[in-house]
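Two complexes are shown next, each including chain A; its partner changes from chain B in the first to chain C in the second.
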Partner chain A sequence: MIEHRPMVTFVSHLVLIFGVAIIAFPIWITFVASTHEAARMVQIPLPLLPGDQFFNNLELTLFKGLQGAGAPPVGFMMVNSLVMALMIAVGKIAISLISAFAIVYFKFPFRMGFFWMIFITLMLPVEVRILPTFEVVANLGMLNTYWGLSIPLIASATATFMFRQVFLTIPDELLEAARIDGAGPMRFFVDILVPLSRTNIAALFVILFIYGWNQYLWPLLVTTDQSMYTVVMGIKQMLEAAEQSPDWHQIMMTSLLAMLPPVFVVVFMQRLFVKGLTETEK
Partner chain B sequence: MAEIHLNKVHKSYGEDEVLHGIDWHIRDGEFVVIVGPSGCGKSTLLRMIAGLESITQGEISIGERVVNDLEPAERDIAMVFQNYALYPHMSVYNNMAYGLKIRGLPKDEIERRVKQTAEILEIGDYLKRSPRQLSGGQRQRVAMGRAIVREPSVFLFDEPLSNLDAKLRVQMRLEIKKLQQRLGITSVYVTHDQVEAMTLGHRLMVLNGGHVEQLGTPIELYERPATKFVAGFIGSPSMNFLDANISESGKSIEFSGGNALDIPQSLSSQANRRLTIGMRPEHLRVDESKSQTTAHTVHVVEHLGADTLVHGSFGNGGSDLTVRLNGIRTIDEGEVLPLAIDPKNIHLFDPESGKRINS
Partner chain C sequence: MLKRVHFGSSWLPFALVAPQIIITVVFFIWPASQALYQSLLVEDAFGLSSEFVWFDNFIELFGDEHYLGAFQRTIFFSFSVAFLSMSFALTLAAMADRVIKGATTYRTFLIWPYAVAPVVSGALWVFMFDPTLGIFTYTLGALGYEWNHKLNGGEAMFLVIVASAWKQVAYNFLFFLAAMQSIPKSLIEAAAIDGAGPTRRFFSIILPLISPTTFFLMVINVVFAFFETFGIVHAVTQGGPAKATEILVYKVFNDGFIGLDLGGSAAQSVILMLIVISLTVIQFRYVEKRVEY
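Up next is the complex of A and B:
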């Protein structure tokens, strides 16, 4: 729709700017808070312009952590978060690709039964099955390990379902051409199915990485050892653990740092991401 | 290069039998065409030869080997699909090379074969492109190239030209024919287009509802169709069919309007019998001498340039009849034309079974 009425343009921009401001303001405050000393952050009024302590705070937060708060250095927690998010994203994609491959391309007894079993797990996210899952993970001795953090979050119906839909759009003749060319099932999978799902894999990776990174409840349960803390739960820990008034400058710096990796992933994979969600041509 | 033997081949999907016992011997180097209406089982038969469908009953052999239990890749065949089935994420070069890579051919041999094939098909300039950057005709060539590089002993084509526009189809048809002559590889070609079938095939199989209606050369099928179905299917515009009776003497045919037509051979054994008479539009002519005349009331005239098609109703019975006259004729709607036909060009069919009666 193209219109040339200045009033409409003006109003719509106003609305947009207002919306952006609402979303951006808290992030601005977070940034501002991370650039001041601790003392400045407890005075009223709160500063609205950045101070000069950014790099100090950055170093303090990344490598020392909150003294007395029982939280490890944030750099450490970021590594944990990164490992967990990557394991979840990569694991989910790998498992879903393979199970969708089995469900779409192989005939075996109770095939649709298995499909529906996988599908029904959509109704059982971690939050719902948290106690039994904890029990299992504990019994397997996976508390305070990366495996314990990621495996229960890996099995995924959404991704399996999505890949199934992608595979169903790939014409049968492609499989037949590959069979005539002499490609066995695994070759077909590796040489043809996976490359053809490339954009979908990228889109899923973005979604799953953020999903994994933002996990809060599950890491809170399975990690008791400080060395396994993740950033997102770490922030909360900092707030509670502080005996005196909270160290806002460090907490805000941590929040800022925790926001960065998802932003990077989205920015770098944006093009593939959009393609993967909208592209229909095969 | 190889012969193909089909021995009482049946195919069922669950309870439904779609092919009811096909026997055929395709000779080495022959170009045969399977033709028939949609849903008659052409693709199914071809895919059984390719190994993409299981064989419910019967036996298929390629060369000396029975291939019933062999994988498609082991049958030494190559197939061209209707929608080309090119790998969309691979370049033209890789599309053609993929099968050879899997077979483990050395790199330089693959390159030599792909280059050589690309030259034959004149697609050398596109080797680095991806399929989506090609036109329909170019994709078609790449699909053929992918088949040719394998140097198979049998080519299988499933309606490879039906996605092309009319002009390109005629051009590619000619190229396929030349290519097959040059390579001399046994080829099985499936189409529902009778012109493609007539022009391409050394021999044709006309399939209808999973049964073989007739096997033979294009000329045999045209001149002596074994059934009414084949008669109507081969030739364009298709054959006219009229109901008629054989006279008591067995020497002439009587139409409902009282017209009669002498026939060359006496059919006295069939005297007084009802039958279906078939006449090709191109065999009917306007009769100046008025012997053997039958009245034809003109409804519509179509000018094709080289020919004129006259659609009208025949005799008093009013059955539809099409006549194809040479050149440009001025004929008015409503005009009554006296028509004649050389008796040797008429085809007689049993109205129930559709089988041919005259020899």
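Up next is the complex of A and C:
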């Protein structure tokens, strides 16, 4: 604090509390909606304070799903989301680690060519090449599989760049020492490089897990079979059904469940999250 | 960028880059080149024959008022989202930078919408503004305003902008706060000794010093609004009413998957790729010229 101005500090707190209230309001309304029974959720005005049906709704949504919409139980969709998110996060980290290792530590033909090929992926988000990518996945017979959901999304320029930066800061003496002790390239990678990049891997994992969990357009295209639906796309199906029968208590419970894992990760791994965010985005 | 001490060539480095390169070629480069090729073709309605037509698809697009309308709408949408979420985040970051007690608590409460998927954000806002049941619709009704975003295009646009900006505030807040906290305290103190109050210091010192971050966030927010808001539009309005919220990414999906106009959709994809490429180049040039304090 540079000068003592209690008024300004007070106003600052006031503005911040007001800001937090605006940001949190939609979530509060979601939570409230998920704690009331169906009959209460069609009476205007809708409640602003929580009711006592939270656990009933939770059970209903997790194990039965939305009646009438023909959607599978939400618990089932959450498992699909989890598998997809983990496959994307782990896959991206694994292939980026080894390709960054090859590019930084080996001298081989077409090294820079490969580097630029990876760089190009940065410029081709799924949204701009949806039709042809869909055709490729369909031709490979990967529709309605976990592989089809995750593999097309796991090439990553940003992760490769980040590991490249990390490896470049590791002193050369480590490799020299490892060589004198008789370690080969893979030994050096597993015993020295990977342990040294541990925090970066963890930070990246947090970001990529959120990225994977929140995928929407891609699962929407490659899954037609209900047994492969993810929870984030399940919400859209429910919103469509809401045109006929507004089961808002269940839709909002599903929204709550869909945001729970990534929000949990952000709040409880905040330090890693901030690190991951600031390092991958530049 | 190669290490001074490194390994020689063998089959190993090729094996190491292989997974990444194979995925890149199969799922990125090949589809992108297909999009380029298809954008030069016209297919008949049954997909039986196709004809090479050079740039006709592009010429047709730029003569199509629906496409130009979607273009204008996307630009308006992107800049509204960027402006709304950045100004809100900047105000909060300036306040959080001032207070010492509780700054991390505020941060925790402000950053978690980042983790909410765009579709979920759309679902939350569409629930609050539901024309018959929504809590805001009720409040507005009590004040004498009839809200129905299913009929009114302007209201629909407002709703998708708010739902997108809400999600983006967290990200902007984090970066603004980090930028403000990296400004040396001595600069602020010197200004205070010269008699500049908090407002004056904010506009004359803090704001100019964080301008690189502001520019960076501008690009990031526009990219987000261009490409990652598909879920929000799809959940909230489906591009309607009467195409009032049909942005470019939504139109590519709609024309390609629902309308099955392959050539036109591919041409739109190519234009979007050009936009991403130019935005990426702008973003990287900025990183090169990072301002040092």
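The working rule: the second predicted complex is superposed on the first by the 261 of 282 C-alpha atoms of A that agree within 3 Å, B and C clash if a C-alpha of one lies under 4 Å from a C-alpha of the other, contacts with A are read in each partner's own complex, and residues count from 1 in each chain.
The rule is simple: a residue touches a chain if its C-beta (ideal position, glycine included) is under 8 Å from a C-beta of that chain, and two chains touch if they have at least 3 such contacts.
This structure is a prediction, so every number in the text was calculated from the model and none was measured.
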| item | value |
| --- | --- |
| Chain A as common anchor, with chain B and chain C clashing or fitting | fit |
| Which of chain B and chain C A:Ile235 touches, first, second, both or neither | second |
| Which of chain B and chain C A:Thr9 touches, first, second, both or neither | second |
| Chain B versus chain C as contact partner of A:Val79, first or second or both or neither | neither |
| Which superposed partner A:Glu176 touches (first chain B, second chain C, both, neither) | both |
| Contacts of A:Ile130 with chain B and chain C, given as first, second, both or neither | second |
| Chain B versus chain C as contact partner of A:Leu196, first or second or both or neither | first |
| Contacts of A:Ile44 with chain B and chain C, given as first, second, both or neither | second |
| Of chain C and chain B, partner touching more chain A residues | C |
| Minimum C-alpha spacing, chains overlaid - chain B and chain C, in Å | 7 |
| Overlap of chain C and chain B interfaces on chain A (superposed complexes) | 176, 281-282 |
| Complex interface listing, chain A residues touching chain C | 1-3, 5, 8-9, 12-13, 15-16, 19-20, 23-24, 26-27, 29-30, 33, 41-42, 44-46, 48, 94-96, 98-99, 101-109, 111, 114, 117-118, 120-125, 127-133, 135-137, 151-152, 154-155, 160, 164, 167-168, 172, 175-176, 185-186, 210, 213-214, 216-217, 221, 232-233, 235-236, 239, 246, 248, 251-252, 255, 258-259, 262-263, 265-267, 270, 273-274, 277-278, 281-282 |
| Partner chain A, residues of chain C touching it in the complex | 1-10, 12-14, 16-17, 19-21, 23-32, 34-35, 38, 88, 91-92, 95-96, 98-100, 102, 106-121, 123-128, 130, 132-135, 138, 166, 169-171, 174-175, 178, 185, 188-189, 192, 198, 220, 227-228, 230-231, 234-235, 249, 252-253, 256-257, 262, 265-266, 269, 272-273, 276-277, 280, 287 |
| Residues on chain B engaged by chain A in the complex (per definition of touch) | 50-52, 71-73, 77-79, 81-83, 85-89, 98-99, 102-103, 132, 146 |
| Chain B-facing residues of chain A, complex | 171, 173-174, 176-183, 187, 191-192, 195-196, 198, 281-282 |
